[in-house]
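Look for chain A in each of the two complexes below; its partner is chain B in the first and chain C in the second.
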Partner chain A sequence: MIQFIAARLAAYVPTLFGVSIVLFLAINVVPGSPAQASLGINATPEAIARFEREHGLDRPLHEQYVSWLARVLQGDFGSSFQAGVPVGPELMSRLFVTLELAIFAFLIANLIAVPLGCLAAYYHQRPADNAFILLATLMGALPNFWLATLLILLLTVTLHWLPPGGYVPFAEDPGRNLMLMVMPAISLGVVSSALLLRIMRTSMIEVFSSDYIRTAVAKGARRGVVIWRHALRNALIPYLTVGAVEFSLLFGGVVIIENIFLLPGVGQLALIGITQRDYPLLLASVLLIAVVVMTANLIVDVIGASLDPRRVRTAGGE
Partner chain B sequence: MFRHLSWRRVGLLAIGGAVTVALVIAALFGPAITPLSPLEISVADRLQPPSAAHWLGTDELGRDTFSRTIYAARISVQVAAVAVGIGLIGGILIGLSSAYFGGAWDMTFMRGMDLVYAFPAVLLAIVIMAGLGTSMANAMIAIGIIFIPGFARLARATAQGVLRQQYIEAALSIGVSTPRLLFREILPNIATPLMVQAAIGFAYAVLVESALSFLGLGAQPPEPSWGVMINEGRGQMAAAPWLGIVPGAAIFISVLGFNMLGDGLRDFFDPQLRD
Partner chain C sequence: MTRHTLVSRRDFGRVAAGGLAAGVLIVAGPRLALTEPKVGGTLKLAFDHDAGGFDPAKAVYGMSHAVIEQVYSGLTALDSEANPYPDLAETIDISEDGKVYTFHLRTGVTFHDGSPFSADDVKFTIDRLKNPATGYSYASQLANVTETTVVDPNTVQITLSEATGPFLVNLAFPGSMIVSKKLVESGHDINATPIGTGPYTFGSYQPGTVIKLARNPKYHESPKPYIEHLEYTIISDQTAITTALQSGVVNFSNVIPAKDWAAIEANPDLTKAAIEGGRWFWIMVNNQKPPLDNAKVRQAIAHAIDRQAIVDAVFYGLAKVIQGGVVPEWSWGHAPELKVLSPKADPEKAKALLAEAGFPNGLDLDFKIGTEWPALMAMGPIIQANLQAAGMNAKISTMGTTQYLDEVWAKRGYDISDMYWLSPLADPDDFTSLNYLCGSPMNAQGSCSKEMDALLNEARSAPTKEARADAYRRMQALSMEEMTLVPLVSALILHAHTNKLQGFKPMRTGFLKTLKEAWLEG
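Coming up: the complex of A and B.
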């Protein structure tokens, strides 16, 4: 197991370097000056040249990348072009908001997908199964920002149950924090649950057709015991792998949902970085999201391996 | 082949196909379907609820919501077609060549594709838009780029299976040129899974385009795009809820239609994949 974790960590570091290169190139390789964007269309050529010199933008791209990476490795994400303040502390204060939203949304997605997926498998090829598949198809086609809009229309504008947006830290006021997180998390979670429900259903159908489940049923085990105690554990292994991918996709939605509900998270920072062409902000926030996504995948890999030791042997070549 | 047809599969194909055809008709013949201009401002008609004159009401500038919704289909179909086209062409070139040449070429490309997968797709599209600048054309390119890894992996995996067939060995032994082998012998045999993936790609492209436009990174106002319309409608939710509901429903139905078409095609060509 330790060998497996070491091998995964060894692959993690070069991938992270690769990701940083892809990200840096995607933002910088296209012509168009961030100086122009920062200083406005009336900026003089002298002002633009001075801005580029001050921020190192006049140097060759590979030099810019190396110096950016060296600083990032020391925890220095540079300073915002617009506000002039260091990006690092701002980023860290926002990371908690984004993680809270993503975890809350992922929890909702699983609370929908696991029981419904199990039930769909249990009633395989019966009307209930078709109804759950239809539900998954409908949920998968929902744009998360439209669902957010509908939730605001229903729960805020019509019923006045929830505030339209904003953020209060959990430590400051847990009740208010949860009230503000409900709609953003549902908007992301419901859409994510569509694929997870299908995967849970497929995994459970496979497990239900295995001999040990038939034996359990033949011995007269109760339905609930068969589903929750015997089948679910084995069905969770493929589910976890897809769950990690879905968790990653969920971060794409974070940018949009944070913007709608005025949540001061990393996604909102990325959007500010794009609209104002503030590259240090954009690079740092997207890199941080990529790191979170990759780390989540790594953790899921390790959990999956602990649930299914065959995976460790395959990966380790034993 | 037709023995695979069941009511479920026929239903998926029929509904998905009907929605797709309706969308294409709306995109091509928008002006004929609705006589009202999607851009014409009429302050006297602002925020009118749905009526005989304005089937889906009007927005805060008095523009007809039905006309704007129909015209926006054009943008969605256009973006989806170009983006899926870029994804398909890029993916086929990378996937086919990786499968055929193998070795270091294959490893380099596929590791590159893995790197792209480390980013959530929408976020990567946003990052690419940051480099390219915000416009409709750039949205098409950005969405197309995020599609390439998916198509490349699929093309590579299916081409590897085809490359093991005897007729490929026969073609190689009689000295068929590499481009001819790749594009005349292998490509037609991997077209079906790519076509299914393309239908699902259409759905995803509509979603990403509307998300980018919603964030102000794709279509720019006053251009009617479903994403732009939802964003504009959010400010009028109490007075005119249809402004947020209608364009979202259009996205929902389109995505549902493309997904059903993709599922129907997959079931039709490969019934074993259904579960």
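Coming up: the complex of A and C.
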């Protein structure tokens, strides 16, 4: 197991290196310069020259990249072009916001997907199953930003139940924090649950058709015991793999939702990085997202391996 | 020989407090009875753009300036009607020929780090802005400054190459705010952590999220400012600003989208004001690209546009048609008799002008629009349809800001584009020079007219306000002939804030320096 985890951790390095090169090239290939973006319509040639000199943008691309990389390897992510905000500390403070949102959304997605998926499988090919499938199709078809807008219209503008956006750290005011997280988490979670529901259903249908379930039913085990105790554990293995992918998508896909709900998360920072061509900001945020995505996959593989030890050998390459 | 002395704020206030002049539309909500100022409270303000650094010499964003004006002070400041008054100066003597300004500074003023403010800081600031290596984007404002001399620790003399009408206004611009010589020379990064002498100290900045400021108890106009904390919340989606204001997440905004004004007006908890400032919209025309280098073609575009339709459809009536020069009605530089453009479109006149220019069968235009600005996007199709009716086929392409600035502003790769700005100084010079002067960074249409430059210089350096106003009238008449850019409308600045905010006077410039006079009830 330790060898398996070590191998996976070692794969982080080339992956992150590749991500940083692709991003660095991409942001330099698209039209628009950081200096022009930062200085706007009043930019004089002198101001642009000063800006490029200050941020080393007047040097060849490969030199810029190498000096950025050298600093990152020493743990210094540099400062943003715009206001000289140190990127490292800024990113860390935002990591918790995005993690909280992603975890909260993931919980909501699972709370919808697991029970409904199980029930759909139990009532396979009956009206209830069809209804759940239709529901999953509908939820999967909703754009999360549209759902977010609807939620604001209903819960904030019409009913005045929830604040429209903003952020208060959990440690400062847990109640307020949760109130602010509910709508963004629902917007992300509901849409995410669609795929999970389908996977749960398919996985459960397969398990229900296996011999040991038939035996359990034949022995007169109650419906609840069959579903929750016998079937679910085995159905969870494929579900977890997809779940990890879904969590990664959630973490990486928070950009628009964070903007709508004014959450100071990593996604919002990445967006500023893109629009302002602020590559210290963009590279650091995307690298962080990549690390979280890879770690989520690793954790799920470890859990999956403990549920099914055969996976360690396959994944570890033995 | 002193021609004129500008007195201190205390006396000046009586003149300036005369209220808002003609051309202002005030829609007031039910106010609480006006009470005595008191210290305390937090004002949460919503803005639709992020800041980009807080060094007065480097900042170019309106949002950066909105922070700088609170953290710093200048030699002068502007009141709500955009008139300058002495701020860090106690009095200002102006020589007979208008070339030498002597600033008698306030004594006992300190920077937020406790270090004393003196004449050395003033000289350091002006020299720094003038130094080409600084790359100050608004250096043209101080182009006429030839020398800054420290007379004694409390007196500074600035010498100009020629009389400069808007000089005291230019000194009130956030870029001209006085920085600490000691701090900058010590290597402190004032772009990240600004330290000034202003009414508020800088607290924190979280990119794209919030900027926090706290009351400076040692402010030189103490007990002002009265509000304890200012929180500038950045909400990039304009509709979300309205929602945040309606639900009380923020309690102040002056960037309310016109489409939501009716909803805001219906809210009894908010005080509202719609003011004409210097937020004007125009069509940029690439003057260097044939056939747009022909003034007749540009005039044809100008007459083809239905400005009233833009006022109605894009601004829900909360804008004014520009019929002639771009200096607005409320300003002393306005040219009331200049009515060249009708509010409605005149496609026949446009067609005739096109035919005169040698294009009886019309022409094709490449119309580029930046997607970041909702109003510019909204007026795009109206302009396109108007041009179509006059025989001009405009093909719209839209792009993100960075690409837009690069393609349109830096490389001039366009035929026409729409644009706007909010003049931060609200002086006739500010309304006109940046757009019309040859080689100015905002002259992205690439026009260059000796006659126009001469008139602008005359208007800037004329000895009296009357003489300046006369030059601006002639300059604006010429602008209608040359039509290097096509003025469209002047949009009102829409303010709304909690009824608890008392004593606040909205500013023509869209800035918030007057917040130091206001306080929160309850």
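Note that the second predicted complex is superposed on the first by the 302 of 318 C-alpha atoms of A that agree within 3 Å, B and C clash if a C-alpha of one lies under 4 Å from a C-alpha of the other, contacts with A are read in each partner's own complex, and residues count from 1 in each chain.
Here, contacts are C-beta pairs under 8 Å (C-beta built on N, C-alpha and C of every residue); 3 or more make two chains touch, one makes a residue touch a chain.
Given the structure is predicted, the values throughout are model-derived calculations rather than measurements.
Participant: A:G166 in the overlay: touching chain B, chain C, both, or neither? Say first, second, both or neither.
Facilitator: In the superposition, A:G166 contacts chain C only.
Participant: Please work out whether A:W146 is in contact with chain B alone, chain C alone, both, or neither, and reply first, second, both or neither.
Facilitator: first
Participant: Given the touch rule stated above, what does A:F251 touch, chain B (first), chain C (second), both, or neither?
Facilitator: So A:F251 only meets chain B here.
Participant: Check whether A:L23 is in contact with chain B, with chain C, with both or with neither, and answer first, second, both or neither.
Facilitator: In the superposed model, A:L23 contacts chain B only, not chain C.
Participant: Touching A:L138, do we find chain B (first), chain C (second), both, or neither?
Facilitator: The answer is first: A:L138 touches chain B but not chain C.
Participant: What is the contact status of A:L39 with respect to chain B (first) and chain C (second): first, second, both, or neither?
Facilitator: It touches chain C, and chain B stays clear.
Participant: For A:T275 in the superposed arrangement: first (chain B), second (chain C), both or neither?
Facilitator: both
Participant: In the overlaid three-chain picture, which partner chain does A:A290 touch, first (chain B) or second (chain C), both, or neither?
Facilitator: A:A290: touches chain B, not chain C.
Participant: Please work out whether A:A216 is in contact with chain B alone, chain C alone, both, or neither, and reply first, second, both or neither.
Facilitator: After superposing on A, A:A216 lies clear of both chain B and chain C.
Participant: Could you tell me which stretches of chain A are touched by chain B in one complex and by chain C in the other?
Facilitator: 30, 32, 152, 157, 259-260, 271, 275, 277
Participant: For a test of understanding, state which residues of chain A touch chain B in their complex under the given definition.
Facilitator: 15, 18-19, 21-23, 26-30, 32, 130, 137-138, 140-143, 145-146, 149-150, 152-153, 157, 202, 205, 248-253, 255-256, 259-260, 270-271, 273-275, 277, 282, 286, 289-290, 293-294
Participant: Contact residues on chain C for chain A in the complex?
Facilitator: 50-54, 58, 60-61, 64, 132-139, 189, 191-192, 205-210, 233, 235-237, 240, 243-244, 246-247, 249, 400-407, 409-410, 419, 421, 434, 441-442, 444
Participant: Sort out for me which residues of chain B touch chain A in the complex.
Facilitator: Contact set of chain B toward chain A: 8, 111-112, 114-116, 118-124, 126-133, 203, 207, 210-211, 214-217, 227, 230, 233-234, 237-238, 241, 244-245, 248, 251-252, 255-256, 259-260, 263, 275.
Participant: Please give the residue numbers of chain A that touch chain C in the complex, ascending.
Facilitator: It is residues 30-33, 36-44, 46-51, 79-80, 82-85, 90, 93, 152, 156-157, 160, 163-167, 259-260, 262, 264, 268-269, 271-272, 275-277, 281 of chain A that touch chain C.
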